[in-house]
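These notes open a run of structures that come right after.
One chain, chain A, appears in both complexes that follow, with chain B as partner in the first and chain C in the second.
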Partner chain A sequence: MDATKSLRAIAREVLGREDIACLIGYEKGSYGFRAQPCVLTEPDQADRLIFSPLCVHNLTNYLTLEQIGPLSKADIGKGKIAVVVKGCDSRAITVLCAENGIKRENLYVIGVHSPGVVDLKKIERRFPNAVEPAEVSLEGDSFTITCEGETASVPRSELVNAKCLRCKNNVPQGCDVVVEGPEHSMEDDFADIAALEAKPLEERAHMWQEQFSSCIRCYACRNSCPLCYCSECILDKLRPQFVRRSVDFPENLLFHSARAFHLAGRCIECGECERVCPQDIPLMVLNRKLARDVKELFGYEAGADPEQKALFVTFKPDDPNEGIL
Partner chain B sequence: METLVLHKDKLKDFLKALGDVRLVAPVTVAGKTQFCEVADIDAVELDLNNYTATTKKVMFPQTETMFAFRSTPDGVKVEEGGPAPKTVVFGIRPCDARSFVTLDPLFTKDFNDPYYMKRRAATVLIGHACAEPTNRCFCPSVSGSPAGTEGLDVLLTDIDDGFHVQVVTDRGKEAISGAKSLLTKATEAHNKQKQAADKASAAKIKRSVNLKKMHEILPKAFGLPEWKETGSKCIGCGICTYNCPTCHCFDIQDEGTPYQGRRLRTWDACMFSEFTMHASGENPRHDRSERLRNRMLHKFSYYPRNLGFISCVGCGRCIELCPVNEDLIQILNTVREVCNE
Partner chain C sequence: MASKRIGVYICHCGVNIAQNVRIDDLRAFAAGLPGVRVAQNYMYMCSEPGQEMIRKDIAENRLDRIVVVACSPRMHEPTFRNAMKSAGLNPYCLEMANIREQCAWVHKDADVATAKAKSLLAAAVTKVSLLEPLEEREVPVTKTAMVIGGGIAGIQAALDIADSGFKTYLVEKDASIGGHMMQLDKTFPTLDCSACILTPKMADIKNHPNIELLAYSEVTDVKGFVGNFKVTVKRKPRYIDENICNACGSCAKYCAIAIKDSFNAGLSKLQALHIPFPQAIPAAYVIDPLACRYTREGTCRQCEQVCKDLNAINLDMQEHSIELDVGTMIMATGFEPFDANRKPELGYGRYENVITGMEFERIVSASGPNQGQLLINGKKPKEVVFIQCVGSRDKTVGNEYCSRVCCMYTAKHAHLVREKLPDAKITIFYIDVRAFGKGYEEFYDRVKGEEVYYRRGNVSEVYRKGDKLICRGEDTLLGQALEVPADLVVLAVGLEPSPGARELGQLLKLSKSPDGFFLEGHPKLRPVETGSDGVFLAGCCQGPKDIPDTVAQAGAAAAKAIIPLAQGMVKTETMVARVRAEACRACGYCVDACPYDAIALGEVRLGRATKTAAVVNEVLCKSCGACSAVCLSGAIQQSGFTDDQLLAVIGAIGKEY
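Our next item is the complex of A and B:
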């Protein structure tokens, strides 16, 4: 049975339960290679659900947005929210629970063993004219792509999202129910970060100056991040105004530095910020640099272990550094 | 107006012949095509297949100083921005050029906005017809065309060996007058090639939306539960508005100290949670779905009723760039279907 069929069967059962308020999953998109998030409330909507390599979004983001789906503010908390997660997405729930961002008992987590999702920018460049909804599935080491009446087979490595090529574990953690499939886990040697660090300072400074100057401050990176959920973001604050509204290199640098540092020891590398950026700024380089530093300095990996506390609320009496206290 | 031909080897000479103007054209910056002020003519490229950069900022910069002030022993000195430099935008798409036509009444109707108008008056638009419209394009649905001339001063179209040059306005004629020696008169054969190119590109546009009476249907659809469902997947970022050539909301801010600083305006986005936030903390558009509905109604109902134009040129950037596949075509089709119109 494929993942879509299994998911639909689970959803029918879950949406019929009294203690479930809604289910956040994926459905067919409006054109080409797009799939889209959807919020379902009734069992007879279950057949809208899909799961395929086009399901790129991290749906746990919706758990921390200020209003969840068709639920009104008053409805939130009256029933559990069911959510479909891939391995990487599930680690966001781990972090959210560890830092009391959400209560696990308010969720019903449906995990899927994802064999890897596509890089939408790459697949749309390869098949630029897809208007009719296209189908993508993974067979062996290749994506089978049916688009505008033609079927093609493309090696997985050419179109898969970069994050999937270094996926630590595609088995979702802490789920209530799991749609099983092939499991895989890979070592991440942070070679990309080491390669960037080996470049001269001037070259890196120039690269970030160019990248951050092109930022248009649409805040899609912030809003697509499941772990950016402060009820009042410092970027929006007017009194005091920490970051000015003018869009230029110094303010953009401040914005991106603030965002990256607030995710140190928390980012679970779902890559949503980089995926959604309309200016193609390589934001995951910043996040991964900090993730690598956190791993080296504290032996800590965000979301790796459901039992571990949040990095910044832990201390060790035998800590060799003085700290700030 | 006349029709001319420019050989493709003469393109760079043509750009040089535009004279002493600020040239804004597509160049690659940080691996991405952007419309920027061009210092090196060799960097200009017309292969725009993957470009999403909007040219809105040429007339309406994302951050614009309205005036600067400083305290001196002789009192407060206020400096206003200077005149707009003479500018030529080269390679602009017909949809983007048309966006300025739809923005003009907004910036002139009740009040002549000096910041927008000074740039508009100093800027000549030399367009490049779309040979390869993308899978997000739907300009014919909003009365546009991949070879449309509305808003343009000159339109270039790819033909064998080079470009068909259609002079649209007197300003366009004057702007390219320095390049006269590089241009030859278009023959009947050239004009036929141009017509064939226009027809071929129009045939490549696959997406469409029926907008008949949409400005009347949308207000009737205001209370539909479908908004809640469609809008619930919106994440409230500014991608759709900031990349839209016709979105025009802005914020006014003061920066600096009481002794020295500036007043500026910056783009704002109706999808942001603080966009309509009152000082009390109350927000009349609390939910993301209410904000999304407002954006649709503004573009396809309020704006056409108040200013006579649909506030959309069918470029499809909001559709392509939306992180969660909010699709304006799908939304409007659903509204029509549910309202049985």
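Our next item is the complex of A and C:
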């Protein structure tokens, strides 16, 4: 509740400023556990904002859009965009700025120390009948859930999103203003990836065959990804056509592999792709496998340092391998 | 797009290809591929009759695309491009399939080799129809050369270029040119005095109207490309105007600060204000700012008082940089003797009578600290041991290579010892004696006849016993352990690349071979060229070599460096990267990935609007493809290797034939 209060105070101040075109934040949703992104333009809208473990979205995805909510391109150009970010989301801004996807000076970044967001799929399984907007807050080690008039307490570990359990750092970086809260950070040991790799090849092949066969190529993963923002995606091209339009295992495999490689050294592991997948494909496993390899091979972590260059263009004169020079 | 008229030419390469790839099968296969009008085979396609076949078919069958199925394009692509050009076809409508290195030579089974040759041929035919004619362009050349490094290699190269009428800058990091050759006493095998044969060339540098000597200077930045380099040269403050100083030396008498004399390999001292050696060019004094009392503490200025009339000394001189336009460059950055401290078992640095070959040169040199007398601690050594291959042919220090001069300079040293000390016992520990040059074997033979004991084997340890050093090793010919006492141990240290050459190499984008020396363009056919057009190699920066080889290579590098200057124009790369601005997201990946600074982000017109996108400087582009590899949206494509061309190739190779 404190975070929401502080956020509203900041928003009132920020939205009153002339140089801010809009503020992208979260508001209470209209259904069950769904909080929803909102675009505010006036100070008196500030009280719509919330911040709770239901604020799962990575709002930086909106920053590269031509049109943001009610605002046209021309409206956006009138001032900075204020955006609410969690620790993981803030690293997306770092990557976006490093590759000129957005200009930092066009942003006003409001960071929040997130104590971890819920896994919507888990919480909706646990409380399947939630229709009225529910409320969730973290008290100590448990989520307090108010849903359909009843209040329940569930241990954090049971409902929290898996990405938050291995959160590298929940302190947002490079913010203009921060709503502070408990800090935590930990070293990611990629145990999940190691466990998968330890399985026999056939088993893994079978698993991915099953997973990718179920993909309906709705492109929600691509659209929700803050770092998939090319105006012309190479996987949509017809000449040359890298991926055919047919929705079947080989083409789906190609699509997801290509996307994973394009995110190697860029993916900041916000987990949006996996969250929005209607087929529950564990897409983060692909991204994390590459993140682990990139870390092991090159000692590189996406978005870790605003000063670092993109992995693909990092060149070391003393590289042990032969280069093109 | 009108359908293409393709000619396919399959080369036997004598029996190189024909013995393992069924040529007739291949030709029949080629004739059946879409677009192929002519499919021929011939014993040597690169021969004049082979090329004539292509020219004739182009004329008679109106061919517009050529596929040559032979060897690697690295050797003969230019050959066939020229043949096409002379027949009036755009030379970039050529594709080569390499069925020699990739099929005939690597597969034992003719079925396998032939099947693979078909795949490669089909891929080449598929790709050639997608190739687009490209235009060749030329840019004018700045008719000036720069030589970096003022040792014998740089001196010779600079003189040769200047003699052919082109202005040449010679950049030397030290206060005088001359390099290591100046430090040597005698040269093998003729025993000429090293300084005596070098100083006339140094004087020529000073007096040559086409040479501008930039001593005490370093290259700090290089931009541009062959014919149009922009080089930034840092001029370090000498504190003495080299154009005014008459080298009278009065000032030095008043300088009380002593420093190690690096010219004498640190064996003697000189003043902070000094001339590196009497024959130095420029013939001017210099002040070492790390030692000078004024530059360090802000007091003294005695020397300025002494030179009041001439006023050559200016202690307030500042470092400054100049920018020079040059057309071609020669790297002549030389070598550094191996640091014998890296072989602690040999006692260097621990025992003062263990010295390196370079120190020996200075000790026996008439201009050295002992005026040529071979004295160690004031005494004539009775027993002298030479240890060869110190820091060469030694994986434990990371140097697998042979330094090529140590065998001969050790033989020369042994000869000099014999000359100066007729009664001394001289022992040489060697692994193999490499006396490969003209007159070298004869010289080695002569030295062996001067009561010099060559013992085959490595020395594992040098230690002190009483007032003697003991060299412990094994004579591998006799198969017995050996301890040889010595009053003087001389380590035949090998040659390593100059420490400063590394950064310079990065500026000029030069590759290094595994030994750390600069990599030549081709080990046999482009021995002085580099991967960077317009940059050439001379002397030990390319690998250890003796003086005759260095001088020969310097002449060769000069001749190569003169070619673009004489031609006045250089061709730029044709197969450059191209940007499709609509798809470009202006992320700048390509800008950072380009090793040649050929790409920048800029505003481009797109219909009526403008957009930020990558822009390629086609003159700088070397068609390496790094940009298109990092482009996520496929917006930047390298001509001749575009995504649709490569995808078609992969498709063709993936098919069953």
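By our rule, the second predicted complex is superposed on the first by the 320 of 325 C-alpha atoms of A that agree within 3 Å, B and C clash if a C-alpha of one lies under 4 Å from a C-alpha of the other, contacts with A are read in each partner's own complex, and residues count from 1 in each chain.
The definition used in the following text is that a contact is a pair of C-beta atoms (placed from the backbone, for glycine too) under 8 Å apart; a residue touches a chain by one contact, two chains touch by 3 or more.
What you see is a predicted model, and the numbers here were worked out from it, not measured in a lab.
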Chain B versus chain C as contact partner of A:Leu286, first or second or both or neither: neither
Which of chain B and chain C A:Phe312 touches, first, second, both or neither: second
Partner touching more residues of chain A, whether chain B or chain C: B
Which superposed partner A:Val117 touches (first chain B, second chain C, both, neither): neither
Touched partner set for A:Tyr229, first chain B, second chain C, both or neither: second
Partner chain(s) touched by A:Pro128 [first = chain B, second = chain C, both, neither]: first
Which of chain B and chain C A:Ser30 touches, first, second, both or neither: first
Chain C-touching residues of chain A, taken from the complex the two chains share: 99-101, 229-234, 237, 239-242, 262, 309-310, 312-313, 315, 317, 323-325
Sites on chain C touched by chain A in the complex: 506, 509-511, 531, 582-583, 585-589, 592-593, 595, 601, 624-626, 630, 632-635, 643-644, 647-648
Residue numbers on chain B that touch chain A, as the complex places them: 29-32, 34, 49-50, 52, 62-63, 134-135, 204, 206-207, 225, 228-229, 232-233, 235-239, 241-243, 251, 253, 255, 264, 266-267, 269, 272-274, 286-288, 319, 321, 323-325, 327, 329-330
Parts of chain A lying in touch with chain B, wherever the complex brings them together: 29-32, 34-39, 57, 61-62, 65-70, 73, 124-125, 128-131, 207, 210-211, 214, 216-220, 222-224, 236, 244-248, 272, 275-276, 278-281
